[in-house]
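What follows are several structures.
In the two assemblies presented below, chain A is common to both, partnered first by chain B and then by chain C.
Take a look at the complex of A and B:
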């Protein structure tokens, strides 16, 4: 298990480094001048040049990359161009909102996807199975921003049951929870379909496994066979899928944060790209990449812990 | 372990989960969502951007200007209503004594927070001269470019001495954050610009809380002894996307928001409950620009052919769904120099004749635009009109970060940039519109590279000419020169749309820009 963990950690470090290199190359290939945006139309060329020097844009790209990379290891992600605040602080302010959104989205997908998948597997080839299949494919096919807009129009604008914008009053847990319902549904609904399909397929496989057949031969109740024996095995690929899904939900979070005017790192990085706020773009993407890699690492380790075959496969 | 499992299963049974979910759903249905401002003490507004800098000398956006004016008392503020003017705030009295001198006297009881004492004429001197000081490198130094010095007469009075007559002083310098009075002591202790943490506030409101990307909360200043702000609290929600803000308003989460111009007809036809839709003339100006230094538009007749090829009314109607009218220049209606017509007309035969005269056929050109729906709609109509006279136009959409660098002389795209759809905004003085098209601005903000010495000379004259009729003549002539260059097809001044609850009276400048501290309950 130790070798497995170290192996995964080393891979994670390589992934983060490669992503940063690619990102750094990409943002400097697209045109745009953060100094012009930061200082506005009335700044003189001398003022813009002074700002470029201050934020290191006068340096060759490889020097900028090296400076960023070496500072990042110490936790220093630089300073934001517009407000001159530390990038790390800005990102950490926004991160909890996005994490809440994503984990609520995971909550929706797990709470709905697993029971639907189980039900479809148990009722294999029945009308219920077909209905679940159609619903699953439908929610996978519809983009999250479409779900977001329609949910908002129905529940916020027409019915006025739920708020349309914002993240709720700080310190008011109930208000924040209410503000999470629609955006997290928009982020998580597609994954309900993925998980339902995955759980159904895995369940069908595990329902035919020897230990399940043995349990059935012993006359154990069907519900116990399904939830205690079959689902326990079938859930493993779902954990791996969720690791990837969280990365996808990070992308969906950008739309959800814009449509629902929520704070969060998705909207932060979107705005930063539009304003060519390079330190903020690199800092935010570094943090989210690390987060994504860590979540996948965690998913791999959980699967490794639960399934000895994964460990022995090394 | 077994005990824990039992505990979980007993507390989270299917029955209890369903009961809790049902209760939650019922509660949501019984108590529909309501705006925070339902008790009338809190006003919830949308701003199009979050605050970044609270320093009057380094402000970046209009919402910041509004916040700055609310928390750092300015000498004067713009007047709310349909006529451009100003109201004194920190100044008890302020008047122009002669062309080069303005006298002021402060109210005797304006205090700074954080123990920085009372506002004095020395603070005014510090604040105004600070912005003008080249060492500060403020982008707004030009606001006080005509300032010679501020002379302190006594504790509350002083004189503002100008180097030369400066006509926009009362329209676009004093009624802006350039007249906000900061505490000299506090700023000297700070030793740097104010970022997002204000020091020594003094306005009608105080910045109580800033939750980045979430909201800014202003609270009524308890020590302000003049006309108080209209609400106990103002919550300013940063929402960049106008469609999101419109949905937020319709859902009852906002009391006031600007709306996108194309949404105005829809909101007129189907206004949200208990709301009022406002339409205000805008100071913005939108035009099709043609780069005179890049072939084939280095030929003036081809530029003129484009001017004659486009029916501006149809372009504007298509882009703004009939909500905006055609504009005839860069200076908005109501200001000196505003025109009723341009010197070219829609005449496709003339356009074809000009192209034929120059021996040009099947011309391929590009049109760069910002990736916004109304710009794309306008560009597509322009594309269709150009096709009718034999010009094939490719539309290139750009994100804002790219778009705003296209004509810069620092890059190399300016020598490929052929046509662009552009929109600038201005303050209520014509010089704010004309300044961007002078020869010094070529490759900075003058992307058509229009280079005319007479224009430059007239711009300089306009800054010191106080006779209204003469100013009108000067600025009309400048726009005629722009017409004659063939570099411009003026499209519209747009219109500003806003919706608000009928329980409030918004404080707005004549062009629809908000004045937070002027909002009042109905």
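Take a look at the complex of A and C:
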């Protein structure tokens, strides 16, 4: 397990480094002089030159990369152009909103996906099973931004049941929760399908397991067999699947934040692109990508812990 | 899978024997026919502006209504399907070709090159898709090119891995060694032994990726980072609808509906194709 953990950890570090290299080449390749873009058309040549020296653009490319690389590892992502605040601080300020959104999305997918998958497994090959199967495929297929717009249209604009924009009054927990309902539905609904399919598949497997057959032979009530014995085992692969899910929900969260005008890293990076605030763009992309790598690493480690075959398969 | 159709039946009959497959085929046909006959079905120019007719609800003259500039939404949706399908087709073909080449290089090349490519694939896969798209748009500017580059980057690692795995398992196989000893050249081994074994799983994976590609195009255009106006794209229409959501709901409905129909159609079809041709790939 130690070897496996170290191996995965080393791989994650290498991947993050390559990601940094890719991002750096991207900044380097952006057409136009970053100093001119940052200062606008009314700046003098002397001002541009001063900024170039200040952000290190006068150095050779490998020195620039080394500076970018070393400062990024120590958490210094540069300063954003508009307010001259450290990029890392701005991103970390917005991250909790996005995490709240993603975890509420996970909440939806677990709350709906597990019972649906269970139900489909218990009623295997019935009409209910087929309907759950089709619904699962359908919610996976439809892009989250379409779900977001339609949810906004139906529940906020037409029916006026739920608020349309913002994250709610700060400090007012209930208000914030109400503001989370629609965006998190848009983020999580696709994963209802994945979870339902996964739970169904592993439930079918665990319902045939020896201990479940023994429980049935002893005449335990069916509901207890299903929920206490079979589901307990079937839930493990689902937890690891969620590791991948959280990473992908990050993409949906970007759309949900823009549609529902919520604060968060998605809104941050989108606004940064529109205002050509490039340090903020690369900083946000880097932070979210590292987060994505970490979550996948965690999922990998949990799988390795639960299943020794994965460890030796390296 | 229904037992009535035997294993030996033709592939199309086997797909059509599945209810989900039939629904998929019908939905895909609707979209493809709409794209092919867009000029015949919608006689109004998708870009012609008519300020007096803005925000009209659906009527006989405008089956889907009109948008904030008075453009006919039915015509825009039909012409948008051309963009969506063209991107799906072109970007998937490009990803497949690049994936096959890189997979072969990884499989046949020296070990360090293989390791480097795998590392590169893993790194590209580490970006959340939207973040990758946003980063690339800062590089290329909002354009169709940016959309295609994003799709290629997202898809290539998966395709290349399949070809690589296939190559690695084949290149030391006895029958390949036998072919080699009988004087078969590299290109013959590739054509006769390696590619035919990889092409099935590749095509199944590609067909299941098509709805994802369509979602990427629509999503980027929705954010204003893909196809530039006034070119009609479903994502752009959805964005027009989002902007005008308090004036009328028809634009948003008209922009979202074709995306739903197309992604559902291709997903149902892709799932059926996979179940019919390679049930082993059914992971979840």
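Rule of thumb we're sticking to: the second predicted complex is superposed on the first by the 253 of 314 C-alpha atoms of A that agree within 3 Å, B and C clash if a C-alpha of one lies under 4 Å from a C-alpha of the other, contacts with A are read in each partner's own complex, and residues count from 1 in each chain.
Keep this in mind: a contact is a pair of C-beta atoms (placed from the backbone, for glycine too) under 8 Å apart; a residue touches a chain by one contact, two chains touch by 3 or more.
All values reported here derive from a predicted model rather than from experimental measurement.
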Touch test for A:302: chain B only (first), chain C only (second), both, or neither? neither
Once chain A of both complexes is superposed, is A:239 in touch with chain B (first), chain C (second), both, or neither? neither
When the two structures are overlaid on chain A, which partner does A:278 contact: first (chain B), second (chain C), both, or neither? second
Given the touch rule stated above, what does A:153 touch, chain B (first), chain C (second), both, or neither? both
In the superposed arrangement, which partner chain does A:134 touch: chain B (first), chain C (second), both, or neither? second
When the two structures are overlaid on chain A, which partner does A:209 contact: first (chain B), second (chain C), both, or neither? neither
Touch test for A:30: chain B only (first), chain C only (second), both, or neither? both
Which superposed partner A:9 touches (first chain B, second chain C, both, neither): neither
Under the stated touch criterion, which partner chain does A:85 make contact with: chain B (first), chain C (second), both, or neither? first
I'd like to check the shared interface: which positions of chain A are touched by both chain B and chain C across the two complexes? 30, 152-153, 157, 258-259, 273
Residue positions on chain A within touch of chain B in the complex are 30-33, 36-47, 50, 82-85, 90, 93-94, 152-153, 156-157, 159-167, 170, 178, 258-261, 263-264, 267-268, 271, 273-276
If we count contacts the way the header does, which residues on chain B are in touch with chain A in the complex? 28-29, 32-34, 52-53, 60, 137, 139-140, 142, 195-196, 211-215, 237-241, 244-245, 247-248, 250-254, 399-402, 404-406, 408, 410-411, 413, 436, 444-445
Looking at the complex, which residues from chain C come into contact with chain A? 20, 119-120, 122-124, 126-132, 134-139, 211, 215, 218-219, 222-223, 225, 238, 241-242, 245-246, 249, 252-253, 255-256, 259-260, 263-264, 266-268, 271, 284
Would you tell me which residues of chain A are touching chain C in their complex? 11, 14-16, 18-19, 22-23, 26, 29-30, 134, 137-138, 140-143, 145-146, 149-150, 152-153, 157-158, 194, 197-198, 201, 241, 247-248, 250-251, 254-255, 258-259, 266, 269-270, 273, 278, 281-282, 284-285, 288-289, 292-293, 296
